[in-house]
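Following this line, the structures themselves.
Shared between the two complexes below is chain A, which pairs with chain B and chain C, respectively.
The block that comes next holds the complex of A and B.
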């Protein structure tokens, strides 16, 4: 019970820090929407390509890419904030508190989860306002929010592990471009069948492929575009593995200090 | 015979230019993010949208050739915007205040760092070009096309640098860094970034038509897009667009500089 309160308090703190520092929110909330707007208008002619799925709205087709991009950035931002806490000494004070050390990692992950829920809801609403259709309905949108949140926790785990291993804020800030490697090696904005052959092969090994396709399948109501259960398995697997990685990194940090 | 002011101008600009380059030598990996980001975009966008060349009206059948100049400009633009971040840091740490009391014309304090940005921008632009050519992009424009590409990159880096400087002088904090980068990001992508103008639909078609970066991209694309042969018709609009952006952003940057310290 006490640990649950610690996790909740740390999660709330992680969220409030994000909202107090608007410059942290710019990349997570604004950048994915900018990319969505540009891609939606810049590549909508792609619907004329042979093999492109017959979907009700092109915007609705690419919104899942934006949602996953948001999840990636939410996770990275959370790791960056953790690195800041380490560099400025706040994390050392937390370590002196009489709580289970794993709660410190899970608390941070709870903040990432909350941020991702807010973010995905925001993206879905903005998409809707600009003409995206979600034939999958309200339940599908909720499921998409859950999938994105679990994915954000997965990415947050990698970022937290890096932050705990290095304690370097500048390193975390400089891995920003690598987030896009994960995004672009998944069929984020184009169907997998229409990716270039090399990328199609690489995409099969990227867990985000299954998550983005699952979100697409859910929102469009076309389960042929993505299997929600496969997406859930990929997201949960990623979240478990990376949270474990972050916990190990914390243990290693404690041993070293 | 040169005046005393004229003789002091060049050494000051050179010293500030050298100082801004020192950053690259002293900070390990300082250029990595600005170099890796456009390479990642180059590879990612080619992989995602490569099939768009199958659409009627696309001037080349190699999407990589279409995207390489865009990524070069993006890299140069990010290097330029970093000039603003560095200036914001100098303002925050008080170093720029010391420069302001130096007996030199104030615009000179900006010329050195911007020249440094242009020099730094050669690294990401060249890295993107080399990666692109290695992966199969065509250098269809030959030497004149290559020259046009580098002129476009240097010009766009200067313009992005002035934008960064204006932001730094306005907000006077490094926290404005994302605004500088995202300004460049927006300017590049609200153009014919992914597809030619004939294939753009909706609001982006209108915005791209008005966005001067579209003309700069056309200037740069003479290097690798076989449908855009090097010619004055493809060159002049780009040069005029760069001159226009330079005049506007240079003007507001100088106004910001004049307000500083008042």
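The block that comes next holds the complex of A and C.
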């Protein structure tokens, strides 16, 4: 029971600090919307391409890409904040407390989960305000929020593992461009069928492919565009594997010190 | 402070070694014991092994060899019990600048198992105790160095620890903030908390510590009460400056019975130097004796051996704030 309180306290702290640090807030809330605006205005002709699915709105089709980009950035900034805690000594304060070591990782992940929920809700609302349609309905939007949140935890796990392994804030900051590699090797803004064969092959190995397609399938109500269960499996698998990785990285860090 | 004989030592260290990569031994066979209720000053220059020792004692670092027990618990085998028993304020207060003082205290309360209302109440008590009630809801980034240190202390006290570790708690603080922190440390000790204080300031160790351990190159090179340590390097000296050189003979006659007179210095004919075990307490009898012999005195100064003299004697180097002379009359 106490560990649950610890996780909650650490999650609350991670979330509140996120909103007080502009360099973390900007990439998580503003950058994805900027990319959404650019893609929505610059590539909307793509929906006229042969093979592009017949959807209610182009914006509604590409919002899932923004949601997944947000999840990626939420996870990464969470790892960056953890690296900052390690580098500036705050993590020692946590280590000196009588709490289960795993709770320190889970607490951070809880903050990432909360951030992603707020972020995805915000993106969905902005999309709606600018004309996106979500024929899948309210329940589908909720499911999309859950999927994105689990994915953010998955990415947060990788970032936390890196932070715990290296304790380097600058390293975490330098991997920021990889977000776009992961994003564009998944069919974030275009249907998988319209990607080049090479990219399509790469996308098949990117777990984000299944999440973004699942979110798209949910929001558009067209399950042919993405299988929600496959997306859930990919997101949960990623989250479990990377959280375990982060826990192992913490154990290794503690052994090394 | 009285100590029950059945209580285990608050800190017990035996043959502690910590080796880092490249074979560097930051702690090299450390032995020490701190009794419950003591303020133990752990004194040494930068790089002597103070912080490494504290990190081991607070479970943040594993020893390479040897053993350490805090509040009766082994720091490796029973680390969680150690963590429940100790409060830690580490060097350069590691406090999230984006959180408020109250938020940090409530979070610390949760880490130590306090439920919502209890954590809130405890946070309020501690904020009041360290004089931060007015600043409680301001972000810590806007706090002064002294405020941060006081908050750090409050954070270390959330769960009413048995042993409090303070790692260079006043480094970089102005004299007023330093004085306020010292008062708080004394007050905590009066309430029964054992304090393990690392410092590189002689004055801090002299002001606060019941006993002092001097560490150099990872080893304890001297230990004892400040007075006992200082007595090891010599007695205090009374420097009497006379108004006239002609009265030096009478002055020596007057002071002869109060201690051992140093030989006259031809370069300072108006000065008489007396070695006395009584230190400051010898000033009044000396003035009286000089007055009775009709000697006019210009000034009297007491020069007491400092912990730096002790440190210099045992290690051959000097510490921060060395060379202070207490002046009187």
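General remarks:
To be clear about the criterion, the second predicted complex is superposed on the first by the 257 of 257 C-alpha atoms of A that agree within 3 Å, B and C clash if a C-alpha of one lies under 4 Å from a C-alpha of the other, contacts with A are read in each partner's own complex, and residues count from 1 in each chain.
Going forward, contacts are C-beta pairs under 8 Å (C-beta built on N, C-alpha and C of every residue); 3 or more make two chains touch, one makes a residue touch a chain.
As the structure is a prediction and not an experimental result, all values here were calculated from the model.
In the superposition on chain A, A:210 makes contact with neither chain B nor chain C. In the superposed model, A:41 lies in contact with chain B only, and not with chain C. Of the two partner chains, chain C is the only one that A:257 touches; chain B does not reach it.
Once the two structures are overlaid, the count of chain A residues touched is higher for B than for its counterpart among chain B and chain C. Touch criterion not met for A:61: it reaches neither chain B nor chain C. In the superposed model, A:176 makes contact with chain B only, not with chain C. Of the two partner chains, chain C is the only one that A:95 touches; chain B does not reach it. With both structures placed on the common chain, the touch criterion links A:29 to neither chain B nor chain C. No residue of chain A touches both chain B in one complex and chain C in the other. Touching chain A in their complex are the following residues of chain B: 29, 32-33, 36-37, 40-41, 43-52, 54-55, 175, 177-179, 182, 185-186, 189-190, 193-195, 199-205. Residues 23, 26-27, 30-31, 34-35, 37-46, 48-50, 174, 176-178, 180-181, 183-185, 187-190, 194-196, 198-199 of chain A are the ones touching chain B in the complex.
Chain C meets chain A in the complex at residues 58-62, 80-81, 83-84, 86, 88, 90, 92, 94-96, 98-99, 103, 106-108, 110-113, 115, 139, 155.
Chain A contributes residues 2, 5-6, 8-10, 12-13, 16-17, 20-21, 85, 88-90, 92-99, 255, 257 to its touches with chain C in the complex.
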